[in-house]
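Just so it is clear, A, B, C and D label the chains in written order, and each chain counts residues from 1 on its own.
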């Protein structure tokens, strides 16, 4: 993409300005360095780092991953280096780059979320916080924060009150009505919504009769879940005025377009990075080609243009 | 499979006795005749017919189907011949066969369900009723019966009070906690639970910017959803004492085994029939081979034997 | 209805997008009628998942015995995979399926109309017609976007057809849409066809059906729909039709079972 | 780390389950070290979805230049698809990845231990070792279930290795498990190896590491894990290790990044 390209992929995402709508999703791109020079980070719309907690976490015992039809299950167990090592070792490598850095965060309690937000607020080189509310709430007996709208409200409020950074709330799909937690997050002052996180799933080895994951249940991601993600994004778009980041199963420019057309202002790409590390670059240039073919000049001309009449 | 085979695949499913645990799922095998002599129905553990309503229904306008990665979306809109034509034209063809016939039913209101159950109760050749609670409740503004445990209780109670036939309640996966509707159905007196129905999903044609389905949202089925189905079956097995029929994405004997191992007493095969019309026959003989290889004689020896210690 | 593995005996491009594939499958070859179709499982894996519907293009009773040919257009993932397959590979076929073309009761003038890949089922129909003792006249009107769409014209000539070609870009035959030229031509004929057979895009089919209705000629149209099962089990492949007596409106027929060939007047055009 | 399409130059069975595949990819051939691996995308479609990890078995600097060989065992869907691929087809490779084997600092006696398909990364290591000016002695202990598992022994002989074979069924070499015979043999040697390299099933690796620890020999073990990304981005490929100072327990290393080759004493065996 030449800089003087007549095509504009730039989008506004609430308080954020992105040069294009294609980001990498949390947990699938490490802390940004792992893919080396295969993916020049400056080319991306944004980088969401692996979820960070106050203290380092070991994560779950292996096996932590299993391939399924069109997808994969993971139960990493939120292994991460912890706040301090992130700020001292990982952030300095990202800071000099011309790419928005979004820090994904999670806690065991509402207070953890607030403390994390406060601690990250002061650091240069962070462009937004993304709250992961899919993780189990230790005080509520392990039920995910994200499945209870009251908890969603509390967690988002705790983060909101501790940071001036743009706040993204990442919704879990494991709910009856996705617009309910979306509304709760909106009421608590989130700037942006992102969805979906993984769908709870399971697999068994028929030979040994053991679960494929040591943790028994894991999160399903990848192309298999795309129809679910797209449906939920569309539901949230209709119910909320907030800008939405769509993700779940995106692996081609057509997939990304589907999310933009239903109204997402940006997308994240997760599992597909494993399949094709350069998939984000291909999607970005694919978006330009699409606009050219459609005789358009600006990606905003297609966002939210789903045609419902026949 | 010779009759004097030393291997037994017979299972008890509450009040039902099946010669093997492999049935065809509602809506994917018509009224039983459509696959002609490719699938001798007597070989199956059971046949669940297309969902029946009091009156015939036209269903949704096309397009009604779209292929996704590892799955498909459908929005048939519950097209069916209606109670009377079913009883007069379809049931007589099934009655003479040595196979349990399960009638899947649905209504627009709680009363519809009761009336259908009453009307079907008297007819010879029906072995059980399966309640589809995934369909929209017209009185409650189109929200699915199955996503509200109070509605589940009412619908199942209405059917229970009108029939002496075994009652199967088929749960929708589009809920936060699958054990809640499962419990509601149990409290209302269902004999058996079956799960899962399709997962709500959507797809868009990026070229035309139109939804792939005229109905916009449809139900996702096929191998893509298997991990979700298996997880939910396992959750229900742990929370309820009722016998469970597992389904969702089964296309191989290994898939069927996964459901049996987590504790399902039978399985249904849906979308896979389209891919391989003889898949049920292959699964049945595959189960025998598996037992032989494992040195077992009876399928009941593997049901619910998930090994959780490492 | 049979489920069979068929061996690919050839698979060769006829243009950038169109391929001929020869398949050996005597059981299906022995049963299939013109206009019926097959549900093809393109490979063993789960991507793509569903079978794809294809017509029989030509039947080869002797060359080798029990073989037939498909003509297909590469439009998406499934057909791209088909194009990559090799002689000697196997395809799993379900069929014959659906209700095919019916031959006219009276001998005489028969008109066929094809748009693009809609030509696919017509050669087999033409062969059957020519073998039925009917002496014609036979006319094919064949429209495409451009000249490379207009395949197997020679075969129709050999079967005694007068072939009229139309392309949207004027690169071969008349320029424009097939239905426009056809209507004009028809009004100039002394005799009207006994039947009009047609296969092509929805709007072309609609024009043909309306033209046939205006002229009082029976029309038989081979229709398309997205399909799940191909056998009437899933109710995916709906085509809105006029409801028979006592049936609720809207009435959706199954293209796979009630069709793919419909009488023009059955269809509710929208 | 490179992302490249490599051309298959041969793909041939060496036994019912084992295949040799030759790949042409000069960029990767120029960079990859013994014990490093590649994440292979077996095809374009989404089933199977994830890449599969494979070691480089042998490097061919000249035949043709920039080519190398993989040895793989057909165990599931992905490897079955590999076995069906043809000369001239392409595979997409991501690599070189991970931390490979390090050559011993002192020249002298080197011992390698392989179990089954664990032989895969060792010939390239042996070639590098032999080319490093080390004169040995070199010994390979190689165990398998049965004689057909014991491939490429001649190549080790050619490189100056003494090869000791063990099979569980006794069909070739000594009967039993490789680690049992090895331990006995080691205690009878005058000199101890400078290093033990090993690749094979978890329990074999554990025995080798414990044996090496008892004898005070450094061991380098190439470990396996289920992998998502292969580059350290997803944290799927955990192997429990002893935590370095200041790191929480349990400590999980990434096999793809911290390994696949680990020192025996790093690993927490459970």
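Going forward, contacts are C-beta pairs under 8 Å (C-beta built on N, C-alpha and C of every residue); 3 or more make two chains touch, one makes a residue touch a chain.
Since the model is a prediction, treat every value here as computed from it, not as a measurement.
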For the chain pairs A-D and A-C, which is connected through the larger number of C-beta pairs in contact?
A-D
Whole-Å separation of chain centres (CA-atom averages), subunit A against subunit B
34
Whole-Å distance, C-alpha centre of subunit A to that of subunit C, is 47
Can you work out the whole-Å distance between the CA centroids of subunit B and subunit C?
36
In subunit B, the residues touching two or more other chains are 61, 69-71, 222-223
Multi-chain contacts only, two chains or more: what residues does subunit D have there?
46-48
Going by the touch rule set out above, what shape does the chain contact graph take here: line, ring, star, complete or other?
complete
Can you tell me which positions in subunit C touch subunit A when the two form their complex?
46-47
Touching residues on subunit B, where the partner in the complex is subunit D
69-70
Which of the residues in subunit A end up touching subunit D in this complex?
27-30, 34-38, 50, 55-59, 61-67, 69-72, 74, 76, 79, 222-223, 251, 271, 273-278
Residues of subunit D defined as touching subunit C within the complex:
45-48, 77
In the complex formed with subunit A, which residues of subunit D make contact?
1-3, 41, 46-51, 92, 94, 225-240, 247-252, 257
